[in-house]
Structures are given as C-alpha cells and as structure tokens.
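Chain lettering (A, B and C) follows the sequence in which the chains are written, and residue indices restart at 1 in each chain.
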C-alpha cells in the first residue's frame, strides 16, 4: 500500500465513521440499554431481569411506543465482572442509549457508573444492593428498585433481636462483595444495639468441599442465631451441614438466598430458614400480569429480580413519557417526584435514588416455599 | 487442494466407529436431562444424532487431511532433485520484511481510534494490556524457563498500588506507574527467594499458591484493601491537567497503552540480546550447564522474576486506571492461566508471537460474541486445537546465533 | 477435647475428599509428567453422570443400594471414557511437544468440558440426593461423625491400598512403573506404552468419578464449576505429598485437610486457604520434592 493509497483509505474510513455517527430523525427510536450477567455462573441472576425488560419494551412498542417513538433495547453482557462492565458501558454509551437498566451485580455497577455519569446516562439497577453505590446523592442519575444492603441488614438484625431474642449471634459471609458488605452492616448494627453480642464473624470459602469445621465453630460459639450474607449455593451447603451435625440454630439470610433454587437445592434442610427480600408482591395486579406474561412466553416461573426489573422498566418508561424527552435531568425529576405503579405498588425515588415504597420483608421457608413472616 | 484422496472403506469404518464412540460418550450428559425435584426425565435423542454425524464427519475429514499430507510428503521425497529444502525463516522473521510489516502495524494501531468506535478502542486497549502482560510473563517463562502460575499476583500488586495510593495520598497515575512497577519487582524478588531451589512443576505450584495468597489477603484484610467491595473512583490518567471528555480520555488511554506496549517490546527485545538475556536462555536450556559456565544462577533467576513482575505491576496500574474500579475478584488463577496461554501459544520466547497471541486470545472472545453461549466452549476448543496444530506456538523463534566478532 | 475431635474428623473428611481427586492427579503426573488441569472436570462429569443415572433409576423405583452401585458404576465407566478420549484427542498428539504445550491443551480442555456440561445440562446448582445411607451405629456420635464423611474416609483408604498393591504387584502395575521411569526403555522391552498411558487415564478418571459421587452426596449439590476449585486443591495436595507418589498424594491430602480444619477452628476461616498455601510453600522450601517425593539427583 503506497502512501497515497493509505491516505485515501484513511479518508474513506473517516467519512464512513462520520456517516454512521449521527442521523437524526423525528421518529427515531428511543434507545435504552440493558446490561448484566447473561453468561457465566451468575447468569441466573441476569437473565430474568432481561426477560422482564424485554416484556415491558415489547408491550410499549405494541402500544405504538412512547409519543410515537418506538423503544429500542440494546443488550450487553458483563458476566458480572467489573472489567467487562466498563466495556459494556462504553459500548452502550457509544450506541447512543439515553438510559440503562442494570447492572445486576454491585461490583460491575461501581465500575460502570462513572462512564454513565460522564455521558449523562440515567441508570436504574434492579438488583445492585451495595450501600456505597448511591454516594449520598453524588451520582444524581443513579436509581435502583431494590432496597440497599444497610436496609436489608437492619431488617435481619431487627428480626434476630426482637423476634428470635438472640443474645449471641454468629455473623457469617461468603467473602464476596455482596455478602461481606451485608455482614459488616449487620455486625455493626448488632454491636450498636447493645442487646446482643457478635460471637463469631467469619468468611467461609465459596466452593469449598466441606464446611463442617465452620459448623463446629458455630456450635462452640453458642450462637443463638446465624446471620449469613451471601448467595444460595453456600447457604444451602452451610445449612445442610449444620443440620447434619444436629445444629438447629435459626438461620437468617438475605435476598441472594430467598429464591426457589435455594429451596430446591437445600431440600428438607431449607425448612425453617429465614431470608429477607423485597416486599411480597404476589397479590399485586401488576405483578400477576407480568408473571403471567412470562409464563406464557417461557413456560416457567420467572426467576430472581424479575419483579425488580419490571419495576425499573416501568419507572423508566413512565419517566420518559412524562418528561416528554430523554433529557436526563427531566427524567430524574419525574423519578424523584411522581409515583408509578409497579409490582411493589406505587413507588418513587428519594434524593439519593433509593426506592420509596419497596421495603424489606422477612420470609421463612415452609413446605417448600418462602412465606412472609408476620 | 488437488489430488484429494478418496475415502477408502477403512476410512469410512474408522469414521463410523468414531461417531459411535462419541454417541456413547455424550449419551448421559447430552441426551438425558432430569429434574430431580420434579422427578421428570427429558430424553433429547436429536442431540445424539447430531453428535454422531458431526463427529464422524470431522473424523473422516481429519483422516483424509492426514492421508493427503502423507501423500504429499511421499511425492516430495520421490522427486528426482534431492536437494534438501532450505529451512526457511517464517514470514515475519525475514529481516527484509520486518520494516514494512512493522510500519504497517504501527499505522494500523495509530489509525485505529480514527476508524473504529470508542467501544472497539476500549477492547483494543484491553488486548494491548495483555500484550504487556504476555511479554512480561514471557521473560519468566519464555526466556528463563521458570513456570509461573501466579503471575496475576503482580498484576494485582500494581492495580492496588495505584488504587491505594490514590485512596490514601491522592497520588496520580503518573506517580503510581513507576511505583507500581517497582513494587511489582519487589514482590517478584520476594517470591523468587523461597523458590530458588525448586524446579519445574514444584515451582509452578508454589507460584500458584503465592498468587492465591496475594488475592486472599486482599480479599480478607479489609482494613488494608477495603476487601471484596474494592476501591472505586480511581481516576483515569491525566494529561497535564487537561479536562477531557470520556471519549477523549479513552482514546488518550489507548495511545498510552500503545506507547507502553511499544516500550515493552523495545525493552524486552533489548533484554533478550543482553548479557542477562543470554544467561536466561542458558538457564532455560540446561540449569546445570548454565551454572557450570559460571553464571550466577540466583542472581539471574531473581532478575527474571523481578523484571517480569515489574511489567505486570505497571500493567496493573494501567488496569486500575482503565476500569476505575478494582476488587480482588479480577485477579483469579484463571487470569494467570490465560496469560500463560498467551505466552505458550505465541511461542515461548518469541516477542512477535506473544504480541500476536495476546491480540488473538483477547479479541477472540469479543468477536465470538455472535456465538453467544457457545463462546467459551469454542474458546476452550480453539486452545486445544491451536496447541495440537502448532505445539511450538504460533511463531517459535529460530535459535539465535551470534557471530564471534562484529 | 470434644472440639478437637470434631475438628479432627472434619479435617480428615476434607483430606479424604482431596485424596480421592489427588490420586488421579498423581497417577497421571507420575506416568507422563503432565499437570492434568482437566482432571477436576472428570470429577465433575462423574458427579453429573451419577446424578443423571441415579435420578432415572429412582424414578423407575429401584432400591437405594442398587441405585448407589449402578450410579457409581456408570460414573466410573463414563468418566473413564472421557479420560480416555481427552488423552487421545488433547494429550497424545503432544507427547513429544515442548513441556508446556500439553499444559495449555489441558487448560483448554478444562474450559471446554465445563462449558460442555453447562450447555448440555444447566448453569444452575442442582440438588444431589444423599446416596450414602445413614449408619445406625453412628447415631450416638452424630454430632461429630457423619456417615457420608466416614464413607469417604473408608473409600479413600481402600482405594489407596488397592492402588498401591496394584502398582507394586501386578503386571500392569509393573508396566506402569516402567513407563513412568523411562518411556523409551519401556517400549523397547515390549510394553505397549500407549495402552498403559490410556489405562492410567481411565483409572484416574474413574477414581475421580467415584469421588465425585461420594463428595456430591456429602455436600448435596453440584454445578458445572465444582471440578476446577476442587481440582486445584487436590493438585496442591498431590504436590505437597510429592507428586507422582501414591501414598504421598494421600498424606498430602490429609495434611492439607487437617491444616484447613484446624486453621478454621482455632484461627479463622477467613484465612484457611492462606494457611493451606503457606504450608505448601514452607514444606516445599524445606523438602523441595514434597513430603514423600524422592529428590531426584541429576547426573550430568
């Protein structure tokens, strides 16, 4: 390739990229993004939210879109890894999205947020619970439709102190971002309450082949309740081995555990396990409608964070419609001020982007399903 | 391809048997699917037919290819002119090709952000970071022949150097970069000392253990490293305090990584021909002979660990600056394995090969996205096939010879 | 004292679990000097095969002992077949290649097999039935000793003894030792080296599969990724004991298991793996060829 040829090639490439960049039309689709773990071992947490968002978008497009403009969904997989999340985020931003539903895990959300904030893209996460994410309102375009870790830990600690009346509590976690964050909140809340003492605070190794040493340690500590922060695979192993070693201590865990897979895997050991999760929405008409649509499309029950993602999609599309534009400031104003009907009832968002109206409720596994504890 | 041999009856029988064997092999996992909770079984017979057909076809193709190759070798051998074919240097090693090829590659990398979207640039930045990592590990594994399965530890050291320096002392990227390199080297020596006596696979497992220890400490020592919740908001590299938009900053970072990668190529290439480099090669080929030649084994082993780790440390700083968020989950054993794959696939000790392998292995999963869930399956298969087709790597460097006087 | 006994048993259980996988690692390493990263996947495939077979059989209403035996047999057969195939496809063509080529091939195989099971079965965790019956005589000691742990202990001791005898006294065992010592010489004295290597892979994989069944039945759940983590631990144990040595693999596994259990019990499980790996580094510094490995003196 001679110099002249190379120069021509470069020019052609430049012209091409300029063409692709901006073609503005009135009925141009409104682009929103979805990013989350769609592959790898955390895919079961990312796929149901994607289905939820797709359902809502399909429905809106069937009604003729938002103010005549169809909604286009751009989907990105971050496999729940921070380094991939920044790539997904730049790809979505480069693709021209105005708002993103995601990410699923807290770590990737932390990595991706600066990119979205710089591009003024509004973000609603259906499942990232890390309390550090809202930055006390420092990120004005971050919202979520799930209660943050500190709220959840407070509910667990409250339950352990008030209802179980435990004086000695063992707090365990899976050494992960989510689990350890939750456990640390729980620990400091218990210590501050002064009503109970934390007799054991330890991380267990995820994927280990045997937890009996930790179980013996729990037994020796004389704990009257075990609080566990983490996901269901470790929780079911831990509970299983506790019961195997004849340790009937109440087991209180989080919304990483409150799902059907835990009950399926832990089997009879699951009975009696407590777990916190978003308020029971099964009687809500919106919930019923979307769950039914999911069942018609897929033939199975929707999985984790489905309702939260429906709520996020409804809140977002409502904000676009009410604001009449995809201007982030206008959308954020609507999200803060106007309630929208979601699977959790009417919700809006406080100044830090935390949901108002999605509380935390305590559930107990009874006869193969989680039921609300009164 | 002319003279393609016709399949004989034996070939067909072999193919059918292979097909049958794979049908047997995959039967329980691919055909039966049980739901233990529901007590129901799904039989997926269609999969069995597919497996049988595809594996028989592949087996037949492989056999025919082998037969064709054998026939060609035979023909060449029978040729009247019995001059042994001159061993040709691979395309990229011929000296007259080096300059134009290098220039072309340079132009490609320089023009890349002008032609492609920010997203593509971002992916390329990641790939280039692995070029640096691959070249660094190449010093330890490729040059000195010390199998290191915990290389990612130094990458983590670099990333956390920047993260923590920023968090506690608000230091910037440009100060963290050399410190990251230095700390990487320091940890390299720290690892090097205890493993001086170990050989081969014992060395491998200790380095693996070292890598895990670093990650576990970062994960559990919350007071020091903020544990699994990681360090967020690490600033991207600055340019004389200029305000940059996100796009500009990403492109700037891309060029920065290109420059770093170039510097790495330059330094590693110089190292290879230096006194130390030749000592490493001697060590790799025969430890005892190397010692007998009067080379200080301890010193050159430690230099290999230190220099290799220094690049990983700097790459770690780049990584922290690029993702702006780090946590220990990014530094698992699998990462070490991937970097090792880059080195071996490239051809141990070959610089051009390692660069090529890093680009292929890091860009492959991105462009395999079309395969969706089959992506990693294909990735694993590609690793195996590439190793079988080219066991010495993409470019195994010709043995360097030095003439006695210049 | 009771706490000590509890931890001791828990450490022994862990050690026995590692031993079942480490034995195959060490056999393969002994014979062709390859760190077979895909070995953990054999354990995973064995567990999945056992799950599938036992579920199908239990739907047809077979009694538990029959299910246990048939599932173990099926797991061993199929994992053996996978081991055989993997060796033929991914390692045999590389037998004379540079040392690291088969290692990368093994890593590729491991990634491939994990994703194969993920696609063929599921990415989710699935419950594994407890196939090992509860022993009534253990009832009084239930808080310390559980029957699945005890079974794993017994099986791993049995397997180790059987393997040692096999290798010491049978013709095949002798051929294995000869192949391990010098492949070329073995070939010259008329040993079918290819067959012996295949046999080693099949035995090692079948052992891992039986381990997969027992371990899965102990912890009650499996998914496609269990092989990798367990495999790395087992590999560590094999090296700790002196890789290539069968009693060494078992000893290394127990040392590792006990270290982890006591570290958890008396210090903190936060750092159990740090203790395990630090112990490994320490032992290798003072005994560079592992606990029972022979330090090879190199002749020039």
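Things to note:
Here, a residue touches a chain if its C-beta (ideal position, glycine included) is under 8 Å from a C-beta of that chain, and two chains touch if they have at least 3 such contacts.
These figures come from a predicted structure and were not determined experimentally.
Taking the mean of each chain's C-alpha atoms as its centre, the chain lying closest to the overall protein C-alpha centroid is B.
Which two chains touch most often is answered by the contact tally, and the pair is B-C.
A separation of 28 Å divides the Cα centre of subunit B from that of subunit C. Chain geometry summary: the mean Cα position of subunit A and that of subunit C are 37 Å apart.
The distance from the centre of subunit A to the centre of subunit B, with each centre set as the mean of the Cα atoms, comes to 34 Å.
Among the residues of subunit A, those touching two or more other chains are numbered 175, 203, 264.
Touching of two or more other chains is recorded for residues 126-127, 270, 273 of subunit C. In subunit B, the positions touching at least two other chains are 37, 220, 373, 376. Here subunit C touches subunit A in the complex through residues 3, 6-7, 9-11, 13-14, 17-18, 123-127, 142-144, 146, 149, 215, 218-221, 223, 225-226, 229-230, 233, 260-262, 264-265, 268-270, 272-273, going by the rule given at the top. Within the complex formed with subunit C, the subunit A residues making contact are 40-41, 43-44, 175, 202-205, 207-210, 212-217, 219-220, 232-233, 236-237, 240-241, 244-246, 261, 264-267, 269. Here subunit C touches subunit B in the complex through residues 29, 33, 35, 37, 45, 48-49, 51-53, 55-56, 58-59, 74, 78, 81-82, 85, 89-90, 93-94, 97-105, 107-117, 119-121, 126-127, 129, 232, 235-236, 239, 243, 270-271, 273-274, 277-278, 280-281, 284-285, 288-290, 298, 300, going by the rule given at the top. Per the touch definition, subunit A reaches subunit B in the complex via residues 1, 6, 10, 13-14, 17, 39, 77, 81-83, 86-87, 90-91, 93-95, 106-107, 110-111, 114-115, 118-119, 130, 132, 175-177, 180-181, 184, 203, 264. Across the complex, subunit B meets subunit A through its residues 37, 104, 107, 111, 114-119, 122-123, 126, 219-220, 222, 227-230, 232-233, 245-246, 250, 319, 322-327, 329-330, 369, 373, 375-376.
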